[in-house]
């Protein structure tokens, strides 16, 4: 009887999971495996899109492709800048939202709003905010007397990068503050009491209690954000299209151009593979720290 | 069997009792109906769809209505595309790539042609058009409409890069319009020194974008060099002619003839500076003529145009732009599409769009048309420039090759690398692109 | 950073004073930070063209500077209701599918002992980190092979898939918290597993399904790259892509007013979702990310 139930349970189990596994295989596994395979072929307009085996040719070309390295550099800058800014800001907001004050519910609602809105439309809003003639950023800076003529934010490579970083920080900080807020709420209050009795300043108790106990959430937020920022597409595509002069072109935008504009499928596949491997590497490093922080956190309590 | 019955019974019971199940089924039914409605319905007259850059939509509307009146069995479905041409190109590209392109006709920029043709998205037109008909078009436009010997589009407007110069300033200094690169530098310096009001000698486009590649094509050909030979895929960017060409551009900045800011200029920045009156020469397209000669322009009446300067033993070259119509290879209605193309490229439509939009026609006869000449007195000058067109390489991977060149030109123009280094790197990457 | 300390905790008078000043300032800054860009776009969408282009900027428009023209222009230029309908249809369909496929799998992973369960779970976790740019090339192949271009299915299938991992993680953590007694009791009463799931488990799952569904809906509504690639027909486009192409990065005459109107219209459904379901969203996000 027990065996029969177990067997039935197992059958049901597979029956329940197989649709999900099939969909995941179709949309995640197939494209990645396919990219690995295609990356060894030349499939582009030079050969009428008929695959021709090319060995490691695409990878060799990538090594010499100045634009690829430039986009990788841009991606790194964007990722590091946004994730670290978001972490600091998200922590601050989470600390505020963890306080009790009148209207906290509404403020919490407002604080997740940016995360929920469509990135492409938000990118339009930020393009308008950074407009060189009528943009509100220039207007405020002019009113404050910090500049004397409007700055062409999206027209200069460095300023454009700063602009897209600001827009992304605005858009995704709420995600981090939600995760961190959940972590804060799980920290027992008596830990702070003990600290206060020992005469610790707020900063000390933040360093000694909050931060260590929050480490797992911080690393998880970091992990998610690293992966997302590394693959950033919609925000930059709408705000600058990668310009000016490739100043904000990230790897994602380069992959998209290579495939959809140049129809260079083999090379595009190689770019996908390398991006995938880089991402795996970043995630592996972050996971390593996640595990360590989890151990440390469980040791601390 | 029993289980099935049991199940259907359960489901029925569920339907009755559970609000959730009912709402879900309603949603599902709704979604299904919507899918069915959206499935394309075939209507009676032949419908030809195509994308049109947003700014041109209003001027074309009445012409299309006219065509539909004369051809009651054809309807033209003009779809408003974004303003920027690269977005229109991308929209066309992804439509064709998806395999079931909703478009029957393609209004193409000259640089898209090789890509679209190589990908097999266009129908060759050679069988439909006679040699005599082709001879009525400007030869450069027809040459630019071919890919590997086959004709894929019929042009309906042209465009060409050229040299604008200030007749009054040259006259004051007792100078003739320059013929060679050295002439140009010399004349610019002379005027700049003689006249304090003249701050700059020459303005051109140096930003990292397609316009700079077009501009460089002219200088390159003027030095007798070449970018890519479409027949052999040979790359000429690291040859001495190419390095001389880039050095000429750099020397205009180094000698104070061009502002360092040209490294961020597109057409409009150059045009505004030239129009403000403190510049002797400008490289630009014909559209600038009307703006330079509008009523409040400080340089009105003191501007002329000529073919781009060249090296002593070489000839001038003006980079060819322009648009034309092709037929999608997937269209169900090639005959009707051809009719529409004949209409759009006809002298009548070309004249109308030229009068309303200021475009340059691609039919030679229209450069003698009295109405057009009355409105655009510079047409004979443009026709002269059009005698020596320079084509950007007609290779399928042009967009990629151009992006490579743009990056390295920009690096050299903004002073980040030397001209040799830049062009050698550009040549190396272009070769590895075309090498396959 | 002086505001770390939770309310319940005793502290000195000095700290109280600091808190009284810092906290309101921090709250106001937070609200400003999150709302200002949205409000600016909202304001722009109601201004006349002249007021939009006025320098210095108009922050408090006079009545004669306010108008609904921008919305009217938007609807004249583009079939915007179409876009909203498309977005709704695609988001709803993929949400229903993701729940329908993901929740059973989550139950199996939480309750039934399957071989390779850990591997499956790890795979699901890793997959949540894949940016869509890595997938679109292979999906393009599939879409072309099955001729799905310009078909809602070309969006519904990928959206279902990219939302499956989150659905599975959130639902699994929900099932793990669900007391097992009821299911055991049903077993004893002789229910078969499928019937037990349908009769006993499903009704209890509805709140968790709602939570997950909201997240799924939001992410499907906001998706950009697949919608950009697989749909080129004007009448089938979704709101984000149509909005972005309205902007068009054109060199001349960018229609700022209609763009602002499009932003407002395209975000309203999501603003409403957030207003009504703030708690659920937070709950879903945290259980999906942290507990997974």
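By written order: A, B and C. Residues from 1 in each chain.
FYI, contacts are C-beta pairs under 8 Å (C-beta built on N, C-alpha and C of every residue); 3 or more make two chains touch, one makes a residue touch a chain.
Which protein is which chain? UniProt says A, C = ABC transporter permease subunit; B = Extracellular solute-binding protein.
Here the structure is a predicted model, which is why all the values come from computation and not from measurement.
Peer 1: Can you list every chain in contact with both subunit A and subunit C?
Peer 2: B
Peer 1: For subunit C, which other chain has the most distant CA centre?
Peer 2: For subunit C, the chain whose C-alpha mean is farthest off is B.
Peer 1: Just the number, please: Cα centre separation of subunit A and subunit C in whole Å.
Peer 2: Averaging C-alpha atoms per chain gives centres 15 Å apart.
Peer 1: Measuring centre to centre with CA averages, how many angstrom lie between subunit B and subunit C?
Peer 2: Spacing between the chain centres: roughly 39 Å.
Peer 1: On a C-alpha centroid basis, what's the spacing between subunit A and subunit B, in Å?
Peer 2: 36
Peer 1: Listing for subunit A: what residues touch at least two other chains?
Peer 2: Residues 260.
Peer 1: Quick one: which residues in subunit B touch 2 or more of the other chains?
Peer 2: 94, 97
Peer 1: Can you list the subunit C residues in contact with two or more other chains?
Peer 2: As it turns out, subunit C has residues touching two or more other chains at 140, 194, 229, 249.
Peer 1: Quick check on the complex: what are the subunit B residues that touch subunit C?
Peer 2: 7, 10, 14, 18, 20, 24, 27-28, 31, 34-35, 38, 54-55, 79-80, 82-84, 87, 91, 94-95, 97-102, 266, 268
Peer 1: Over in the complex, which subunit C residues touch subunit A? Could you list them?
Peer 2: Spelled out, the residues of subunit C in touch with subunit A are 1-11, 15, 23-24, 26-27, 30-31, 33-35, 37-38, 40-41, 44, 52-53, 55-57, 101-102, 104-105, 107-109, 112-114, 120, 123-124, 126-142, 157-158, 160-162, 164-165, 168, 187, 192-194, 197, 218, 221-222, 224-225, 229, 239-241, 243-244, 247, 249, 256, 259-260, 262-263, 266-267, 270-271, 273-275, 278, 281-282, 285-286, 289-290.
Peer 1: Quick check: in the complex, which residue numbers of subunit A touch subunit C?
Peer 2: 5, 8-10, 12-14, 16-17, 19-21, 23-24, 26-28, 30-35, 38, 92-93, 95-101, 105, 107-114, 116-129, 131, 133-134, 136, 139, 142-143, 170, 174-175, 178-179, 181-183, 189, 192-193, 196, 202-203, 205-206, 210, 216-217, 220-221, 223-224, 227-228, 230-234, 237-238, 241, 251-252, 255-256, 259-260, 265, 268-269, 272, 275-276, 279, 283
Peer 1: Okay, in this complex, where on subunit A does subunit B touch?
Peer 2: 42, 44-49, 52, 54, 57, 61, 64-67, 155, 243-246, 260-264
Peer 1: Could you list, by residue number, the parts of subunit C that touch subunit B in their complex?
Peer 2: Checking each residue of subunit C against subunit B gives 77, 85, 89, 92-93, 96, 140, 143-144, 147, 149-150, 152, 194-195, 198-199, 203, 206, 228-230, 232-236, 245, 248-253.
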